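Look for chain A in each of the two complexes below; its partner is chain B in the first and chain C in the second.
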Partner chain A sequence: MSTTAMPITEIAPQRSWYKRNEIAVTPWLFLAPGVLFFLFYVIFPIFQSFNLSLYRWDGLGEAQFVGLANYQELSTDRAFETSLWNNLKWLILYLLAIPAGLFIALFLNQTVTGIRLYKSLFFFPFVISQIVVGLVFTWFYDPTFGLLNVMLGWVGLGPINVLGDPTLVTYGIIAAGLWPQTAYCMILYLTGLNAVDPEQIEAGRLDGAKGWKMLWYIIIPQLKPATFIAFVVTIIGALRSFDLISIMTNGGPFGSSRVLSFYMFEKALSEYGFRMGYGAAIAVVLFLIMLFFIAYFLWSMFQEERAR
Partner chain B sequence: MRSMLKASIAALATTAVMAGAALAGSHGAKLSGDLVIFSDMSNPAPRAVMEGMVERFGEMHPDLNIELTVIDREAYKTQIRNFLSANPPDVANWYAANRMKPYVNAGLFDDISDMWTGKIGEELASTKGAMTIDGKQWGVPYTYYQWGVYYRKDIYDELGLSEPATFDEMKANCQAIIDSGRKCYTLGSRNYWTTGGWFDYLNMRTNGYDFHAALTGGEIPWTDDRVRATFANWRELIDMGAFVDNHQSYSWQESLPFIVNGDAAEILLGNFAVAPLRDGGLDDSKLDFYQFPAINPDVELAEDAPTDTFHIPSGAKNKEAARAFLEFVVSADNQTLINNGSNLGQLPVNANSGVDDDKFLKEGFAMLSSNSPGGVAQFFDRDAPAEMAAVAMEGFQEFMVFPDNLDDILGRLEQARGRIY
Partner chain C sequence: MFPTPIEKTPRAWQLTYQSLLPLALLMWLLPLLAVALFSVKPEADFVGGGYWSLPSYFAGFENYGRVFFDSDMPRYLMNSVLITIPTVIGCVILSSMTGFALGIYKFKSNIWIFFMFVAGNFVPFQILMVPVRDLTLDLGLYNTKTGLVLFHIAFQTGFCTLFMRNFIRALPFPLIEAARVEGVSEWRIFWYVVLPLMKPAIAAMSVLIFTFIWNDYFWAVVLTQGAESQPVTAGITSFNAQYRAAYHLMSAGSIVAALPPVAMFFLMQKHFIAGLTLGAVK
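Up next, the complex of A and B:
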């Protein structure tokens, strides 16, 4: 018995370690570049930010450990409070892009001559750069020659300076942001609508469903994947609402349109910003907010996987 | 391969010898290699000046390969931090006084005090103070300019007004302008610093240069009654409706059409306003200048005159060529040329240079050299530390839109002062 076992043990070491573990190792080899970059450029900086937020550092000289002093200051900083509220406004109001996109998609989901042209016109704002969107809306809102005030004049309303009024300015910028975001959601729903099962609609119709009932009970449930993606991209879009603010108001008037990402930039990296530690503390808060959503997204994706 | 290597070693050796010769002080020494210049002179006129300087310097040193990168002036202010530490050029633009302090403290600018000991030190004596931190000089100036009120002479003539010498006359003029259906002062406070100019002048005229310097230096609380007096004067103008509406929505450039179109009669700005206003069609018969009038007769007049500069980053690779370039920039002839009315249209820093025969330059030069006994300040955001300047100028804008928030604003500034200094 022992003699017959011998050759096997002798042959086995001849196969290399890689050959023996090929199935298990290969996927990791393919993943390695991505994982490494992700670790280096995403995960590592997160911890670096956490660490940096405990220091006072001007970005040039020596960093000085201050413990939680930056967070303490955040809790009394009114500009931070304003930014936090503005972030909340963005998060809530930006979600309007989802129903708006859905209705435009339903409206455009028909076959008439030239529908492709109409679809592309509605999709157009998503194609142009956010910077251009910001500029266009800045001119639209302009208090002296802007189209908005001309239009308000037609119905007898006085001129308003949307971007110069601290109470209106954030809503003005969100409205500008909704324009391309709605187009994005619309495209997602248009593709979703292609996948709606005509037999189910037929069956629903036989059972007497129409109008809102048809939409709510037959169409929308089938659009669930599209809704999920639209929700994810809209939340992410709301949290990175940096370029529009930068181009339209630069955070003004007197800082009333800032959001957390912009405030972080201003404190740490802008012309007068030399407070890397404080900026990092703001970034950490923003990260925690994002983490909440990321956790939710991961959880719901996980649920979906399990349901299958 | 070997011969190439030999050749390059030989070339390097010659460069080293030449470098030695140049260090020995022979003028017109041959410079070679690369000279990398990062510049923020991105507006049309300054850009042409910068390119012209590079071209003329290049002709003097044909072996030198000069690479000029012009970066947008506003973007430059944030990029300088990255490139000074990561990818330093040989020469870089920046600003004098407190504005260069973070970079000096971090050791990113080269100490060039030895350049200032000889002829340059005498010729540039007037700006030496602005270039000095810790008793050393960290760069050279290339231009400075006056601030003041630029006004529409034709509107003044139409209304029978004359240049004001006191704050009361200034307000009376303004009232007449308002009564004629115009605004007195245009302003683009979307650039917060434009409000800094108004604060500088109102405060220097109300409380004097020394008080202003102490305030920007953090020695005086913002809730001080003397600071409130400044804001009270400011408020008089705001309550009159002296400033254009919605100024918080405009950048300084966007505020210029108001004065060009005659909707506003005046603007408080640096001399860099003249070029775009002339481009807008205001010739010297329509545009004129006056010094900001006295408010408190007991304080001496003081002016803002920001100085723009060149520096050698400590990480520069071709410091020899960089020093030669700096010497070239501040030389009397070059100063006369680049600051004349058809180029920068500003004031030369070299005492041996001529001031161009330009109405505004002559007036500004006379004002700064003989009618500014109180002192010369750089500018609010160059005298105060960056962070204080940011918080304060934001507060100034809020004050100009909602004057009633003053107590709240001053409280906030005072809180910031406690933290920053």
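Up next, the complex of A and C:
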């Protein structure tokens, strides 16, 4: 690259500065609009939130510096504790989407007539807005007419009000969230399965591996890239859960289905008064939890970049 | 191929599999089918308590007609279109440029800028909420579609850059070197060499972004209010408040709101899946 550029500059010193430095300058020209936009709307606000979490501010008047008081308040806030626990439940249970997605992908990885349509229809829930998913599941759980209770009735079990029960509500919402998330993991694994090396399978068969052993020792290792992406999107999805909670229970009953992302929104923008600083402090905690995962994701990507 | 191809299994399992498939699908989509059923039932059916009976008559036209002519739904839909399309266009423009810069050129801070985009893309929305809302207020864009579009473009640029850059990395680099030797200027290389090759990536990304933005709810609630600028995801909640317990109308409304991304998915299925699964195979 440089060997071709050098002689040109030597024999043509009259060329413009831009021409001479074209290769060095061009990437910055191309990057400028995107980077500036991103800094302006995404990167700076992160730092502003950190800063804001040290203030007491109602969003209108003058912000008042209170140091770490917001964080101190968090440590004794029962609602915050509930939200944190619920976030943990989301994180762990949401990961079930990965094995579930793999299971469905294995079930559908065949070449019978119409299988393409089946695959698309199984993927369907992911395309639908979470708002609609939330509505659909709210009705599914409804104690008076919901399908869930109709089905429970068939086996002689009494009606349960999933969304009205403080101990069940979070699990109910997670189950609703698992529906589209499983579909997503399924499509990742279907693509992954397509690329599995047939020769290795044949070799495995000759060695007498089949069923579970084949799956565990030969298939799953080859699905590693798909598993990584499934893991990334599922973790992010779990920590971003907001839409479903907002539409299904609005945090209730008695705030028992709140998670950090929802509680933060409630504190900062609810009708009970705007507590921007306190909301920002909650967001910072959520961000720090996420940062742990982001660091891991970036580290994995970095390793991969270096391997190229 | 794993599991064992169905043709090579015993006849009994073949038959079981063939009958299991539609059954499994039915179970999987059951909640959705219920909503579809609700949306074509007349109001009288619900009053009588017959939630799960077959519709006493087909009231689809009536219900959907009311959604379209008797509510704010068309306005919300229009808002969604006016928010989603400019966002997609903006993202394509910005990220094909950033993707080009990060995919083709080697310079010191390349990987760090790339990681900034990736990391920013993973960030929880809530940490941006207060500052972005403030910024939008200061710009006088609160409760406008423009305010929402600008933020969406900026945020999605993170994901799109990741997408474009990885795609461009996989292009044959000698092509660009050959163009340079010919003395083609850098922006011409972008326009005439790289951009045409990026068409499949742009298509895949556009469908994905369309779906993400159409389905966005959080930012719609944070940055807009009211029927003049809110998209359909936020609109559906006020629609529901208006028709509380009118299950036939709520179902029809939900289906209308969910339809555009679904249509997009079925029309552009190949691109959609290619986009979603980028990186799922080596």
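The definition used in the following text is that the second predicted complex is superposed on the first by the 288 of 308 C-alpha atoms of A that agree within 3 Å, B and C clash if a C-alpha of one lies under 4 Å from a C-alpha of the other, contacts with A are read in each partner's own complex, and residues count from 1 in each chain.
Methods note: a residue touches a chain if its C-beta (ideal position, glycine included) is under 8 Å from a C-beta of that chain, and two chains touch if they have at least 3 such contacts.
Quick caveat, the model's predicted, so the values are computed rather than measured.
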Message = Going by the contact rule set out at the top, does A:Phe287 touch chain B (first), chain C (second), both, or neither?
response = second
Ask   = Can A:Leu269 be said to touch chain B (first), chain C (second), both, or neither?
value = both
Request  = Go through the superposed model and pick first if A:Pro253 touches only chain B, second if only chain C, both, or neither.
outcome  = first
Key: chain A residues touched by each partner, larger count belonging to chain B or chain C   = C
Ask   = Thinking of the overlay built on chain A, is A:Glu199 touched by chain B (first), by chain C (second), by both, or by neither?
value = neither
Key: Set intersection of chain A contacts, chain C complex versus chain B complex   = 59, 269
Key: Residues of chain B touching chain A in the complex   = 74, 77-78, 81, 85, 102-103, 105-106, 108, 190, 192, 245-246, 248-249, 381, 386-387, 389-390, 394-395, 397-398, 401, 412, 419
Request  = Please give the residue numbers of chain A that touch chain B in the complex, ascending.
outcome  = 58-61, 73, 78, 142-144, 161, 163-164, 249-250, 252-255, 266, 269-275
Request  = Note which residues of chain A are touching chain C in the complex, please.
outcome  = 1, 4, 22-24, 26-28, 30-31, 33-35, 37-38, 40-46, 48-49, 52, 59, 106-107, 109-112, 118, 120-125, 127-132, 135-137, 139-140, 145, 147, 150, 179, 184, 187-188, 191-196, 198, 201, 214-215, 218-219, 225-226, 229, 232, 236, 239-240, 242-243, 246-247, 260-261, 264-265, 268-269, 276, 279-280, 282-284, 286-287, 290, 293-294, 297-298, 301-302, 305
Key: Footprint of chain A on chain C - complex, ascending   = 1-3, 5-7, 17-18, 21, 24-25, 28-32, 34-35, 38, 49, 51-52, 94-95, 97-98, 100-102, 104-105, 107, 110-111, 113, 115-120, 122-135, 150-151, 153-155, 157-158, 161, 177, 180-181, 185-187, 190, 211, 214-215, 217-218, 221-222, 233, 236-237, 240, 247, 250, 254-255, 257-258, 261-262, 264-266, 269, 273, 276-277, 279-282
